[in-house]
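What follows is subunit A paired twice: with subunit B in the first complex and subunit C in the second.
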Partner chain A sequence: MTAPAPATKQPPVAVAADHGGREAARARARALTSLISRNGAVAVLVLVVLLGALLVPSFGKPDNLRNVALAASFIGIIAAGMTFVIICGGIDLSVGSTYALATIISAMYAPRGSFIAVGYALLAAGLVGLIQGLIIARLRLPAFIVTLAGLTGVRGLVYYITNEGNDHPQIEGFRAFETLGTGSLATIGTPVWIMLVVFAIGWWVLNRTPFGQSVQAVGGNQGAAELMGLPVKRTQTIVYVVSGLCAGLSGILTTALSGGGQEARIGDAYELSAIAAVVIGGTLLSGGVGSMVGTLAGVLLLFVIQNLIVQGANLNSYVQQVVSGGFLLVVVILQAVLSRRAGTADT
Partner chain B sequence: MTTLAANLRDRTAIAAWTREHGVYLALLVLVVFNAIATPNFLTVDTVQLLFSQVPPVIIVSLGMALVIGTGGVDLSVGSIMAIASAVLAKFVTGGSPIGVAMLAAVAAGLLVGVFNGLVVAIARVQPIVATLGVLVAGRGIALVITGGALVELFVPVFKDIRLGKFLGIPYVMIVAALLAVAVSFLVRRTAFGYRLLAVGGNRRASVLAGLPVRRTLVVVYAISGTLAAVAGVIATARLRASDPSYIGLLMELTAITAVVVGGTSLTGGRVRILGTVTGAILIQLLETTLVSHNAPDSVARMVEALIIIAAVYIQRPARSSR
Partner chain C sequence: MTTPVLAVTSASKRFAGVRALEDVSIELHAGSVHALVGENGAGKSTLIKLITGVYQLDSGSVRLRGEEVAFDSPRSAQRAGIATIYQEVHLAPQLSVARNFFLGREPTRFGSLDLKRMNRNSAEALRRYGIVADVKRPLGELGLGIQQMVAIARAVETDASVVIMDEPTSSLEPREVDLLLDLVAQLKAKDVAIVYVSHKLDEVFRACDTITVLRDGKLVSTGPTSELTRRQLISRMLGRDAAELDESGRTRLGRRELEDGEPVLRAEHLNRRLILEDVSVVVRPGEVVGLAGLLGSGRSETAKAIFGALPLDSGDISVDGKPLTHQTPASRIRQGVAMLPEDRKAEGLIPDMSIRDNIGLAALPQLTRSGLVSRKRVDDIVKTFMTRLRIKAASPLQRVSELSGGNQQKVLLARLLCLNPRVLLLDEPTRGIDVGAKAEVQALVAELAEKGMAVVLISSELEEVVEGSDSVVVLRDGAQLGRLVGDDITEDKIMDLIADAASEQIEASEQIEAEK
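== the complex of A and B ==
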């Protein structure tokens, strides 16, 4: 990819005395636009929630907000893993299928105990990530294609273990792990808390650990990361395992919430929502730059907007689709324009 | 020593040959397998069936190959097919002549393609995200146009599109072949083709060399949108109805697979048209083969995944060239 190098920013130091004021103003404007483009999702989220609460009475009700957060938590957890992959310069199209695999496996093994059900589902999801990561990192095949094959192949596997989609394994009787989905703490559903914990851990790993630094370095410039002696291949492999595990966790929570009985096609196109959330959150698809907070805001924004359309405008699902896609386009176009203002001269 | 060196040279030569021609080899293997293992495979009927099924995939893949040649990707092709189908239905049920309806459908695809191109070239949004937005919104637009329902269409011309043959070859296959020749000519023999490859190879250098990069990108996405719309019209004629929630579904993945299996690299700067056409035929034949051997859908998907990985593995660039 021939992405424009953001490194060619000129130093913000004022060059000559008579241009000092102008330069400083320009630097301030640049800092402002970069702040907006980096934290735009958070700002827009706050704005949209405030406007929504004011204009649509049913939106601001605690029950409704709780439901929005609960609905967002499943894509949210997937998007957290996706953030790592994208910052590392890759992409994971397989998450929807991996999510489905974990959903089905955790329901299938529920009769053998909660621990086994959760363990097997996570193991399967982690393995999917590991295999893809190894192929991408060791064989140097493009992530887009490898995970595209993953999307197809793992979905095939889901159909295979569900007898071509005819079995809908259910959790019979009460299982401890159901509380993962149905429980609540301070009136907020457990999946929401789990999502917040995942994002907190994700933030810490990305910003405060050597592994997180490697992820950013590899995504920013793989060649340079190699020359610096960073474990490039291991980092690339691990991010796909992380993404697989996140998709798996999300699938387990879905089964826990619903008690199983899911269709084999569950999670179809989740990869698109997760990627959209990450991109809206300000993480660049070219790699190297991104933020967990942004992704969290991006996911919430997607679901808040959907909810507002349903609550406020009472539009049918087709128009919702148009609005979701249109919203994504508006956000990414604004981001592209703003980040270019803040960064390099246009080529 | 000399034999070792010669042996080594031979082996790299074989590797290079399979890298270049892997897709033709794979198609040959599949045909031979079918000739042996599938009863009644080597008949005119089989070929005619294949030639009536594969054209939409070929046509969409041609546009996709051009987009991928510029280093981009077009995820919106499936939704464009749906939009074209919906527009076609709207015009036909509105009483327009079928020719006008088809033109309107193709024009709709052209418009969406131009929009994609503008977002990618002028706003400089990454192609995956730009066309992802259109993938989501586009199918919604198609559903809004028809009101979400399947619209049955009784148009005599559709029967010709479905069943018409010239010298035993289905019309739609002839159209696909002509389009392939045209796109191939465009890439190899025109200044536009060279610009396209230059942009895909190195956008910055193309800008510095004074090439009209933006215009080139817009035209490429416009071509992709137009071709997708043509495929949408054919798919509608085959279905005898417009079903926007079904037509073109997951076509973007099939087309990308055909292009990549055909030996075009996702990094851009190179386009292989014959490879793309062969890739599309390979995928369709693979599906037909699995169906005729009663392989369940689940197994078919897993096999397809393995084929994709194997194809890109065989064609991966040699390590020394990186």
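== the complex of A and C ==
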């Protein structure tokens, strides 16, 4: 990791050199902000895991760590999609409901074959994202409201197709499908591997493709992106499809792991956990700035802290929530203070 | 004469019935720099946005190389070879310089960004324009000037045949301005047609071949730079013909003798890097001090600084001998400073609220007694001001958005006046209101001053400043050129001051160029 050392290593910018001390200080603050927003969550995660392993013996056991990773993978995959939406300057509140829709649809169609079950569930989830994305991008409506409608509407749909929540379709006996959830590789569960693959692809798309550049530019300054001729509407639409697909994939894995039989209320408030993970990972809710690695660290951090409280302090789950909430608050305050110092808050 | 690369013919555009541009035609030629000048609201931005597909024409036509075109978005204009550099260039601060440079046209290998090529090519391109920057660093970590230069280099590299620059130097240091003008010269040599929007006269005269002046959405004149003097240009921008001007003298009537008292407002040595340079405004009781200058001269910025809305690097401001401390509008209001902002819709009124509530809003702190507001007292105050300012409305409960521009302005004034300010800062108090209301507002300003208030008056119409002020501070590029009092206040003298300063600066920069 390279620490900002502006005193010894002046920016090799000839024209900026005579900008005086104030500009240099501002540049230094900007560099610090981006360093922290990029790597802060990773650093804290490493610290917490090390401390946890030292102080709470049961935490560091391989079995426990495996379980934490497995538990985190479902929110993790959702948060990967959410990262795209938030960097692009939007928000997706519908993912918890979309996730539930995918768990039910994949279980319902499991008798028709694993391939069809997965395909239909992804199709439904992608469609939810596409419809919301089109409305947000084409009609220029606030994402908060559109996806809030999505949250309510899709949840209603889930209750409708499960006969008011009374049907709990099972997938017992469909081995191929089940393996997606229950299988393992090198003793680590398939969902964890799938999450890592999703993050790897997400990182590549965000940092190594023209689309990823567009996402960051649109989130950074939509007006300027439009004037520069970037495909703003297409980019905005696609991020919601990506988010829907991620929520769908997460739902499919849940069904595969548990063998179906989900309640219609499953995934309630998952959108909030996903957003929290993204923000803790250093992605700015205002858009334009964020990272996949940060989100991965953010998700793991949420689940590690939860696990530590249960293992170590033996406190009840509400205390966990208080700690998670407090942690989120600290991150947001840090972000605000740093970005104001960097002068991005004033115009 | 060659066929123009781009020709706009009789372009007109209205917004919600308001004329933004009427019957304007310009021609852009290859290898030529065309300046577009005019005050705020002259129609420069509208014209640019019509060419680049942000807005669509109501009538008229745009021809590119002789063929009529109608772009439906900036994207399609860009594809046709029209590149635009806007003032706001902050794109993705997190992305590296190279990535920003290639945004929207990234080279890829097997679907992956070709980072090596992006870094190499952007570094080469920037170097060609004299910009040395580490292209791998996030754009947001660089200074604003560099960011602007990257945006310009980016737009220019798209093989555009037309490049439009909308006030490209507004956030640049003098040295960076030189670099930018070099870049303009390079483009010119490559046979690009360039539109250069600026209110900095020396840049316009240094870099441009043709100058088009717009005012109130109409074309005032267009012609070669060599056939225009600075003085003529200034008078065309500010709204009087040179010939007409020579005869116009002092127009203010009924000038009063000012009492010699201690100044109410003393704002001295105001400094803000790149914006204000040692500007001083002193206003005695009952005096109206006008601030004259072109757009961007620092006239609005001076008022904003006094009002605490523009942070200063240094400067002393006092009211009635008491130095003002906190640089925030809220504290300035408490200390007796009130400001009528330039854009009353964006910064002043809440259109969907009633007249009563709009006025009451400001008076609230004074009227509140143990947390409660007496409706009757608010009503009384509102009624008093409506009569005093002759606000024409059906009732105090009428919504402000339903009023005419002149009456809206009076509501805003009423709101300021119920705070009993000692200092009143008026930025364009009569813009966009009809002639009758204008005269009323002007009379009102004189009346307020007579009652001992200190008034600072800003207007882009020189006539208004000349007629309404007891002394005039003339500004240019954020610096104070001089102070005129009494019979010296004429449109002539103000324009002379501005024009002289402009030519001096050009001579100086030409000298530097020659020494090189």
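Everything below uses one rule, namely that the second predicted complex is superposed on the first by the 301 of 347 C-alpha atoms of A that agree within 3 Å, B and C clash if a C-alpha of one lies under 4 Å from a C-alpha of the other, contacts with A are read in each partner's own complex, and residues count from 1 in each chain.
The definition used in the following text is that contacts are C-beta pairs under 8 Å (C-beta built on N, C-alpha and C of every residue); 3 or more make two chains touch, one makes a residue touch a chain.
Computed from a prediction, not measured in an experiment: that's the story for all the values here.
In the superposition on chain A, A:Y160 makes contact with subunit B only, not with subunit C.
Shared-chain residue A:G181: touches no atom of subunit B or subunit C. Touch criterion met: A:T209 reaches subunit C, while subunit B stays clear of it. The partner that reaches more residues of subunit A, of the two candidates subunit B and subunit C, is B. Once the two complexes are overlaid on the shared chain, A:G90 sits clear of subunit B and of subunit C alike. Within the superposed three-chain model, A:P231 lies in touch with subunit C and out of touch with subunit B [touch as defined at top]. Shared-chain residue A:G223: touches subunit C; no touch with subunit B. By the touch criterion stated above, A:G189 is placed in contact with neither subunit B nor subunit C. Overlap of the subunit B and subunit C interfaces on subunit A comprises no residues. Of all residues in subunit A, those touching subunit C in their complex are 11-16, 18-20, 23, 27, 30-31, 34, 204, 207-210, 213-214, 216-217, 219-221, 223-231, 288-290, 342, 344. Against subunit A, in their complex, subunit C makes its touches with residues 52, 54, 73-75, 77-79, 84, 86, 88-95, 99-100, 102-104, 106, 108, 111-113, 115, 131-134, 137-138, 140-143, 145-146, 149, 173, 175-176, 179, 273.
Residues 71, 73, 119, 123-126, 128-130, 132-141, 143-144, 148, 202-204, 207, 253, 256-257, 260, 266-267, 296-302, 304-306, 308-309, 312-313, 316, 322 of subunit B are the ones that touch subunit A when the two sit in their complex.
Listed in rising order, the residues of subunit A touching subunit B in the complex are 1-2, 4, 91, 135, 139-142, 144-146, 148-160, 164, 272, 275-276, 279, 285-286, 316, 318-326, 328-329, 332-333, 335-337, 340, 347.
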